[in-house]
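Both complexes below contain chain A, partnered by chain B and then by chain C.
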Partner chain A sequence: MIKIKGKDTMLSKYLLRSDSTAYRTINGLALIVGAPEGKLRSLNEAGTFIWEQADGRHTLSDIIDQMCQKYDVDYTQAAQDAETFVHELERQDMLVLMDDPAGSEEM
Partner chain B sequence: MREELECSIDAFNARAVNDNVPLSVLFELTYRCNLYCEHCYQVDRGSEELSFSEITDIMDQLAAESCLFLTLSGGEVFVREDFFDIARYAVKRGFALKVFSNGTLINESVAHELALLHPLEVGVSIYGSDAATHDQFTGVPGSFHRSVNALKLLKHQGVLTVVKCLLMKENINHIEGIKALAQEVGAILQFDPIVAPKIDGNREPLQHELSDADLHRFFSLEIAEPQKAKEPNPWLSQPIICRAGRDLCCISPRGDVYPCVEFPFALGNLRKQNFVEIWRGAEAERLRKLTPSDLHECVSCPDLNYCTRCWGLAFVESGKLLGPSQINCRIARIRHRISVERAENKIKMR
Partner chain C sequence: MGIVTETKKLTLSIGGICCSIHSEDSRFLDVLRARYQSFEALDPATYEIFVQLVPFPALSFDNTGGIPRIDVKRTSTGDGYLVRRKDNPFVAMVNTLSRKVQVKMWDSEYCFDSFLRIFYSLTLVDEGGLLLHASSASDRGRANVFFGPSGSGKTTVARLSQGRTVLTDELAIIKPLDGRYKVYGTPFWGEFTPGRSNVQAELNGLYSLKKDQRNSILPLDKIRAVMDLYRCVLFFSDDSQLLSKILDTCCAVVDKVPIYELHFRQDPSFWEVINDQD
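For the complex of A and B:
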């Protein structure tokens, strides 16, 4: 995907699972728990895909591209769902959105 | 739209129970404790406690079996000099961490170090609303102030804290005081009205247990009976007796695997077998095959629907897997009576 420099949307952000969050994927579905209040979220297959890709090295747009290939879904619809989902996880401090990939400050 | 990327947590939990995924494990790191509580159910069952490398190896096995919630408990966990090495390893392996402690060894730097691990909660035992009562239970002067200070230090570090209070005949009048204390230190409050025998069946702790009148008083309180628990619980129709040994278990300081912390039915030992062999072994499967309809002494009980029978308590009290538990029978009878009294009061008020 070609990134448009200066475009500051959620799609261009790198996603990183928060340090205060733990999870397990069981039979392809993730259960996430966030400290300190123990907030739980149980994800379906597509939600789990986004979550597992949130390693600080992929932008949301990259992840949606991969989702569209994997699940044969429309980009616009997938992007809308994913942005709402990511926004909610960010609001609950489960995901961190970054302008640069994780570890890039050390380079 | 978001819902399309999520599914029900209840459904997830039901699958964990159905597939016997050990989602929650309580890991007792030591029997050693710096307090001397008469009512404690724990018994030092001897032999050398698991080493750091044995513990990390077990954690690797638990992570591979999808355990998510790991509670580190004791004894008193902070008497282990390698506690933070263990806790840090747990976080590195992706567990959601809880810690149970008496709080007396938590100073400012310990609280800070704990906070860095982002625990889900730290539970601290409190047995009274004043030092005289609490310290009488623990046998250690000054323990109340140290435990309360730990709650304050942890709260200051942003850690979610839980005041865990075992209710006994000597502190039943402290309920309001302990509620105020929990509020003051910003902690969640959990009362437990059941004094259990020691894990080896020794009934000595029961000298502290609540009378029927005290239990009636406690179960009449809103804090004991949230709205949803006021309705009868038709658990006979449930497919399983208990989640113990299905999606939760306990590991002792010497590596014994139990279905639950108060259910000393040894499923196997991690120094002799690996976790999967034990978890899928004959003893665990034997437990899982039992259903509520196998509880022959319970099925015709008039208080059945008010019962919160604990499999472990029944086993510790009588040595029988399928027998009733005396304390649960008393509580079921009392909850049933309260329900009838409430219904009668409603009729009178009309």
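For the complex of A and C:
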């Protein structure tokens, strides 16, 4: 199993849900809405997992590792799908990608 | 001999929320009184709306490039909203603490109606309510609400509701009361204007409209129900706290009220499948 890691890749970034988003989980699946667009979208199980783990304390690589254990999926495919998903949410200002974990600037 | 001062205000009650409209122009108030006659009230007002009519050039937005057609922004002090609209233009400052609203607008009932819709879409959020693109008809105190985007058949359903009380064909208010939900008619009608009666009823069921060749009712799973409902909420702000409240309200409504997808032929026979459901 090949893991791709690097300081500057998306996989090494800490994910944090943006303050301008709201979400609710129904039957294990997330509905998310972000300002200013205001469009409501539903996430599938994998998307919901990534979204809920995006608390600023986990890198994308950490999250994918957990997903592969939980759902018994191939890491490379999971990483590709996750990066596409995260990139889209970041583009819409719903996710923030950080070099350091949330709260680390206070230490 | 005393001096009688004419009271230049009109009080309306829409969706159980009373607002008094003040203006120095009694002719303008008379126009509004005629338009909203079924919603005039004597109840004490929750909101006071002060209307200042201004001439055409005073509300030009030409120098404010980048402002969307309708703009609703929370004030920096957090105690209200600045509401602006370019077409049917007005500028309104809504203070949610004092519950006073200052509006500058053209001398136009259409401008005022536009403002009033946006104002109610905002005030309902804090009450756990929604202003919904929907038609509604009631029978014996219980109402069904038919929602959907433009062209989905809301007005058609209203026209096909003979023998029932039509609350609205365009915008309905849904609000919680004593653990249940009520539907209120509004003065915001589309093409079907039978008299704009001020009627309320207990919310019996919600139906997402789909025109079809045959009548059928399909239950909606909760996620689909919340998404369909949310898309039909009339709302103009991009404030994340307000969007969050609206999402909460949609989830709460779906939890309490049966919601279906209604495929309907464009004749009154769809009422048979609804009655069978009840």
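What we mean here is this: the second predicted complex is superposed on the first by the 101 of 107 C-alpha atoms of A that agree within 3 Å, B and C clash if a C-alpha of one lies under 4 Å from a C-alpha of the other, contacts with A are read in each partner's own complex, and residues count from 1 in each chain.
By definition in this document, a residue touches a chain if its C-beta (ideal position, glycine included) is under 8 Å from a C-beta of that chain, and two chains touch if they have at least 3 such contacts.
Quantities reported herein were computed from a predicted structural model and do not represent experimental measurements.
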| When both partners are placed on the shared chain, which of chain B and chain C touches more of chain A | B
| query | Taking the superposition as given, does A:S42 touch the first partner, chain B, the second, chain C, both, or neither? | reply | both
| task | Scan A:D62 for contacts with chain B and chain C and give back first, second, both or neither. | result | neither
| Contacts of A:E90 with chain B and chain C, given as first, second, both or neither | neither
| request: Scan A:L29 for contacts with chain B and chain C and give back first, second, both or neither. | output: both
| request: Classify the contacts of A:D19 with the two partner chains as first (chain B alone), second (chain C alone), both, or neither. | output: both
| Is A:E52 touching the first partner chain B, the second partner chain C, both, or neither of them? | neither
| Which chain A residues are contacted by chain C in one complex and by chain B in the other? | 19-20, 22-24, 26-27, 29, 31, 33, 35-38, 40, 42
| field | Complex contact set, residues of chain A against chain C | value | 19-24, 26-27, 29, 31, 33-38, 40, 42
| query | Where on chain A is chain B touching in the complex? | reply | 19-20, 22-27, 29, 31, 33, 35-38, 40-44, 46-47, 50, 80-82, 84-85, 88
| field | Complex contact set, residues of chain B against chain A | value | 1-2, 4-9, 11-12, 15-16, 19, 21, 23, 66-69, 94-97, 118-121, 158-160
| Considering the complex alone, what residue numbers of chain C touch chain A? | 221-223, 226-227, 230-231, 235, 238-240, 243-244, 247-248, 251
